[in-house]
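Below is one structure. I have some questions about it.
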Amino acid sequence: MATSMRSKREGSIRRTNLLTNVGTYVVLILVVAIALFPIYWMVVTSLKLPREIYRMPSLWPDVFTSRNYRSLIQEEDFLVNIKNSFIVATCVTSISLVISSFAAYSLVRFRYRFKGLVGRIILFAYLTPTSLLFIPLSILIAKLNLGNSLQGLILLYLTFSLPLSTWLLQGYFRGVPRELEEQAMVDGSTRLGALFRILLPLSAPGLAAVAVFTFTGAWNELLLALILISSESKRTVPLGINYLITSDVLPWGTLMAGAVISSLPMMLLYFVAQRFMVQGMTSGSVKG
Amino acid sequence: MTMNNRITRRRVLGTSVAGAAAVGLAGSRLQESLAARKAPSHIQASGKVTYWGGLIFSDEANNLLSETITKWGEDNGVETEVVMINQNETNQKVSAAVESGTMPDALDMGLDLLLLLSSQKEILAPLDDLYTKIGDAQGGWYESMAASTDTTAIAGGRTGIPFGASGNLILRRNDALSAAGFTAAPATWEEMVTQAKAVQAPPLYGLGLALSNVGDGNVQMSVLQSYGGRIADDEGKTVTIKSDATRTYLQWVKDAWDAGIFPPGNTTWDGAGDNQAYLAGQAAFIANTGSVAIAARNDDPELFEATAYSPLPAGPNGIISPTNPNVRAISAKSANMDAAKALVEFLSNPEFMAAYFNVAIYGPVLKNQATFPAYNGENLILAGLLDLVSNGTPPGFPDKYNTAYGDFSANFIVPKMVQRVVIDGYDFDKAMDEAQTQGQAIYDKYK
Amino acid sequence: MAHNPTIPERRSRMTFSRRQALWGYLLALPAILLVLGLVAYPFFYAIYISFTSRVVGNPGEWIGLDNFRYLKTSPSFTRSIRNTIVLVLVTDVAKLGIGLGLALLVNQNIKGRGIFRSFIMLPWAMPGFVAFLTWRVLYQPIGGGINLVLTQTGIHPEVIDWLGQKSTAMPAVIIATVWRGFPFWFISFLAALQSVKPDLYEAARVDGANGWRRFWSVTWPAIRPVVLVTTLLSSIWTANSFENIYLLTQGGPSDATMVFPVLAYFGMQTQRLGEAAAVSVAMVPVLAILVIVVTSLMQEED
């Protein structure tokens, strides 16, 4: 009796699984297709000649051309922009991860009087838009003598990424049970040791997510870079693309080519990061 | 109007090729002769001389400016740095630079920024002697340039040296219009609507004028003024936009809108909207400074050949066609005042400007410049700009172009008024009342 | 360990909590320093100058609420309030639904999930202004990608002027904003879902709970903090977002999509910093309340 009931249940589970799987694929493919239509448009436009872009709008190029890409890389030194963005984004991400891990750990695992205030103050960084803040920020940067430098940019981006990282990491840290660290400390570990050996590894998905946000934010930011950077050699990717627009006629071909080239490193980043988002990192840790 | 010569592709391409060649092949010759114009030997520059140049649509012009300044620096033992800036961001960059004390030594700008900066103390240096010197050496400044850049009242002296004039021309699809029987340019706005209706055949729309919150939308201010409407009184203090003349103008817009001759989306076009419509073959008439012609010349010769140019048409009160000056200015706090002045003076010399005008989209500012090869009539856009400088109206005319007027324009009150009528369905009085109240609130700030 | 409730233990308890407090402050210090150092000044600067007549190059003088009074006279002001609320609410709900739904889907062990996850992030892979310029072109009435697809597939044979009509302008902006923003929600939820132990699901399934029940009793409590933070941050960013509106409609047609950041931008173009600051500062109280409420919800568990 029990065997047939179990096999019946297993059978229905298997059937449900198949249905769920097919349904999942269908939905996913549909969503990705719709979400990617603008991307498709960008790629297709980057391969068209200007005349075709304006006069013969269509979903497929009539004539394929690589001149937009060639012009970007050869004439506009776009690869230099990519290099600069890479430097800035990597520095911002790594420093931000360290500082915000500490801060989030503090806000989640410790008790002290002004904890609530501390947490909220760092969020107030976002309350006024950069379209207003850029003036006092440029005054600050000038006083620190960091004008027209990648270091100045890193500093500014760091400040704006910290609130996000700290608060998000708080959310992820809360998902890891305290008992694990407390167990480790009973076994003789220090607080910092517990942070590094227990909490951080178990929050790897959260760290990966925060790394993605910080890197993307630093990679794509335009206004502050525009104000801060004057030299062509120090331009980041958004600046490089922005300076393709010289007047009131937009060079769509090169613009889209720039967008495509700049998204390649990002795609690589996302692929690597999502590999940390594997379920079951917390399983098997606390039994009984 | 001498604009009815049928343009031939060969002729204009020939000019442009010659122009480019003049820059390229003879570039070294140019630079050599420019090098002969050494700066006075007492030029001492402590550190770098920075120049911020505004990017225009012509890459050749931008490069020419950049290279010439750098070469000047080399020839005179002055270290220079040229930074080319997008015109959309000049305002922000300059604001940040003024506030943080990092202004360049010299820069170029348009009229709005010149007025804004000149009305505050100690931002731009007075350049009256330089202005007079250059004017005297080259036949005198055009009246429109002299009048519009006169900052003596607000800054105690002239702070901008004009170098190029820009303004809107009407570009029209000569092929479609001739086929409909119209070979002459429209002389009035009413005529333009008639012609637009005749060639209207979606996807080709007749009247590619912007009604959105961008600079192109402010062409409507000129239309309103050509109908006799006024933004403010002669003192430039009381807003007088609500009037019968404005009502007539609004009727013109509404009739055009109801006839469906505006391309869809023109109430939210960005600065490139009208250009894109024209380049895509979706507009028969647009108002443009010349960049579209260059784009067509480079990428779409067929369209280029089919395009004809004319000045803005007249309203019942005549033609209102603003000629906008572009000026070079020097920061009052510059550590290299002498070198900066020498650079600005150098940049106005005839050899450089002749070569520059060949590849840029500006009209002349000094009377002698009318004899440059750029303005010999072959290039119809440049010919149109020459005409604009000689016969166009000062910016804001008949209104007084003070900072209040600039603020009024920056808030796009007139395009908004039109949007209220055509999108929200306000009756004329309600729309005019709102523009009047908001306009007066703006003007009151500057009392 | 023998517990003897004598003075030595009380002393060690005090030292323990003070040490805890010290560690707490120390760990948070770098973050506080950076933020206070670089953001506090601009933040309070912005609030201060909104009460002055400051323009670029001239500090101006204290004028109290004059900037705010001028702001209120602008017909765009009231429309901005309504538009901001609509924009934030609708995009939040949409991004929450899409982000969570997708995260749940790709959290499963299906083949090719790595590819799906990376591709779903694509709307984020380019600078914001490029994304919105592209959407601008896509929305074009004639020759724009969306209208091309609609007319060629027969779904809607007539061309829709997405950005130029009052009725479709805000929805068009919302769609583009959601497209650009949902990867943020997606990835933060995906990471949060990892923290849920699969044994808990198994236990719930054995207890007879169906999918919906399992979600509410197992998944939701675990991801709730992340949902709260994501909603808070995204709402603030959307309220302050400038590029999406400005590049698509400049606040038009006829203020149908006007929001405070665009209003502030027009103020900046005339270099009247006091006015521009007043626009931004007008929003601060509302956003501040949002911050306090949501952060309290999150921190109550401690």
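Some notes on this structure:
Note that the chains take the letters A, B and C in the order they are written out, and that residue 1 is the start of every chain.
Basically, a contact is a pair of C-beta atoms (placed from the backbone, for glycine too) under 8 Å apart; a residue touches a chain by one contact, two chains touch by 3 or more.
As the structure is a prediction and not an experimental result, all values here were calculated from the model.
Chain contacts here are complete: no pair of chains fails to touch. By number of C-beta pairs in contact, the leading pair of chains is A-C. Subunit A and subunit C have CA centres that are 14 Å apart. With each centre defined as the average position of its C-alpha atoms, the distance from subunit B to subunit C rounds to 39 Å. Residue positions of subunit C touching 2 or more other chains, listed in rising order: 142-143, 268, 273.
In subunit A, the positions touching at least two other chains are 57, 135-136, 242, 250. Multi-chain contact residues of subunit B (touching two or more other chains) are listed as 92, 95, 99, 276, 280.
Remark: subunit A residues 49-51, 54-55, 57, 134-136, 138-139, 141-143, 147, 223, 226-227, 230-231, 242-243, 245-250 touch subunit B in the complex. Residue ranges of subunit B in contact with subunit A, taken from their complex: 55-57, 59, 62, 81, 83-84, 86-89, 92-93, 95-97, 99-102, 216, 271-272, 275-276, 279-281, 288-289, 291-292, 294-295, 298-300, 303.
Subunit B contributes residues 91-92, 94-95, 98-99, 116-117, 120-123, 202-203, 212-214, 263-268, 270, 276, 280, 282, 403, 406-407, 410-412, 416, 419-420, 423-424, 434, 437-438, 441, 445 to its touches with subunit C in the complex.
Interface residues of subunit C facing subunit A in the complex, by the touch rule stated above, are 17, 20-21, 23-28, 30-32, 34-43, 45-46, 98, 102, 105-110, 114, 116-131, 133-135, 137-138, 142-145, 148-149, 152, 179, 184, 187-188, 190-199, 222-223, 225-226, 228-230, 232-233, 236-237, 240-242, 261, 264-265, 268, 273, 276-277, 280-281, 283-284, 287-288, 291-292, 295-296, 298-299, 301-302. Across the interface of their complex, subunit B is touched by residues 55-58, 70, 73-75, 136, 139-143, 159, 161-166, 169, 247-256, 266, 268-273 of subunit C.
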